[in-house]
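Please find the structures below.
The same chain A turns up in both complexes below, where it pairs with chain B and then with chain C.
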Partner chain A sequence: MTRSPAAKRYNRRVIRLSLLYALFLVIAVSGFNRGLLHGLVAYFAAVLPALPIIGVFGAIGLYLVEEQDEYVRMLMVRQSLWASGFALSIATVWGFLESFDLVNHVDAYYIAVLWFGGLGFGACVNKLTIGSAAGQG
Partner chain B sequence: MDNRLRILRAERSWSQQDLAERLEVSRQSVNAIETGKYDPSLPLAFRIAELFGLAIEEIFVSPSRPTSRAV
Partner chain C sequence: MTVAKQSDLTPAQRAHTRRVLWMLLTYAVVLPPLLWLHAHREVSNTASLVMAIAASLPVLGIFASWGRYVSDEHDEYHQSMALRRIAVATNATMGAAVVWGFLQAFGVMPLVEAYWIPTVWVVMQGMFGCIEFFSRRSAQQ
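What follows is the complex of A and B.
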């Protein structure tokens, strides 16, 4: 399997952002557990782990801009659209279930988790409908 | 879109990877175009035509004129 230079850059960015996410999460959790964070600092620390995740969305956008292979780019766009539909659909259904007290509350950041899972779902759809998925050489 | 890419490639004894490297695209792109699963953009269609020294319509069959197969 050969990866394009844009795909390699994307992988490197996502690895760096994942490490940053782990670091920021540890800082925020330990800070709140020890009762060290108050006022504006608490808000900043709570948002800190979200920033690398937003960065991953940006990395996907950069990948779509930098990828020179139009077919592979099209596969990734399709994957992202499936991921968006997947995550938003589940979030919408869950929201109504939750509003009628039929299911427990789930923190909103799980929508991002669903979206990343949806990328895998989109790759499967690409494989089933077109016969290939982004990243295959 | 129907096309003669596989035939033209075979005439030159090129693998899909060989053609992909000449076009600076992935092997899976070549495969998707050859099998009609993906229609290339106009710039890529021109690159393909120029590589084989042919006109675009000599490689790709017009979807609006499906009976006039590429010659």
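What follows is the complex of A and C.
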């Protein structure tokens, strides 16, 4: 399948952001492991790896704006909606399991991991309901 | 006045509003006794599991209602506005969760219950809805 120019730009952005994420994560982890980071610098270093992931969400938003093929865009919108429903539902159930002392607390960034997993779930739903998974992510 | 306000809503919006109000009412009725039981009685793990799922069901119902609304809404303008709101709320919530998550992971911030994430999502929806409303009003004036 030929990718649209918007999809190609999206892929390029995500690859760059992923490389940046790996770099920032290594910097932050090694800084904390060596005990070099304190005070405000610690906050800044902790936030550093989050920025490229936020950038990926931005890239998905840009892709939705730039994609000219309405059908492909509709598939991606559906995928994103399923991903949001999937991630938020699991976060809700997990949150109540935490407050009833049944499971441990988890780091909040796992919600983003769930959301990206939810894109796969959304692609399956698209395939089952309208016969085409398509979209990015 | 009420009639005028009702006519501003599309049938899908009215159905969504009704569903959400029912879900919120169910949530308000179900949650306090569950919290009381958890705090004051010795409850088995299985019962706690059932209680936790019972408390989350109305919230899951609200998310399902949003999905149903987007699919039922025939007015393309309202549908695109709802999709924009959802996209903005999701991006802002995921951004906040990722930042908070890394602050937790590096021990700079405390761990919080995961249901705060859907709470932030709902608040973001409301905030963006307000921004849209006021920007539309100022554009009309």
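Here is the rule we go by: the second predicted complex is superposed on the first by the 134 of 137 C-alpha atoms of A that agree within 3 Å, B and C clash if a C-alpha of one lies under 4 Å from a C-alpha of the other, contacts with A are read in each partner's own complex, and residues count from 1 in each chain.
The working rule: contacts are C-beta pairs under 8 Å (C-beta built on N, C-alpha and C of every residue); 3 or more make two chains touch, one makes a residue touch a chain.
This one's a predicted model, so the numbers in the text were calculated from it and none came from an experiment.
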Inset, instruction - Could you check whether chain B and chain C clash or fit when both are placed on chain A? - result: fit
Inset, instruction - Answer with first, second, both or neither: which of chain B and chain C does A:S84 touch in the superposed model? - result: second
Inset, instruction - Determine, under the contact definition given at the top, whether A:S4 touches first (chain B), second (chain C), both, or neither. - result: first
Inset, instruction - Between chain B and chain C, pick out the one touching the greater number of residues of chain A. - result: C
Inset, instruction - Figure out whether A:M74 sits in contact with chain B (first) or chain C (second), or with both, or with neither. - result: first
Legend entry - Which of chain B and chain C A:L40 touches, first, second, both or neither: neither
Inset, instruction - Check whether A:G58 is in contact with chain B, with chain C, with both or with neither, and answer first, second, both or neither. - result: second
Inset, instruction - Using the superposition on chain A described above, determine whether A:L128 touches chain B (first), chain C (second), both, or neither. - result: neither
Legend entry - CA minimum distance (chain B, chain C), superposed complexes, angstrom: 10
Inset, instruction - Could you give the residue numbers on chain A that contact chain B in one complex and chain C in the other? - result: none
Legend entry - chain B contact footprint on chain A (complex, rising order): 2, 4, 68-72, 74, 130-132, 136-137
Inset, instruction - Could you pull out which chain A residues touch chain C in their complex? - result: 28, 32, 42-43, 45-50, 53-54, 57-58, 61, 64, 77, 80-81, 84-85, 88-89, 91-102, 105-112, 115
Legend entry - Contacting residues of chain B [partner chain A, same complex]: 24-29, 31-33, 35, 37-38, 40-41, 44
Legend entry - Of chain C, residues touching chain A in the complex: 38, 45, 48-49, 51-53, 55-56, 59-60, 63-64, 66-67, 70, 83, 86-87, 90-91, 93-95, 97-108, 111-118, 121
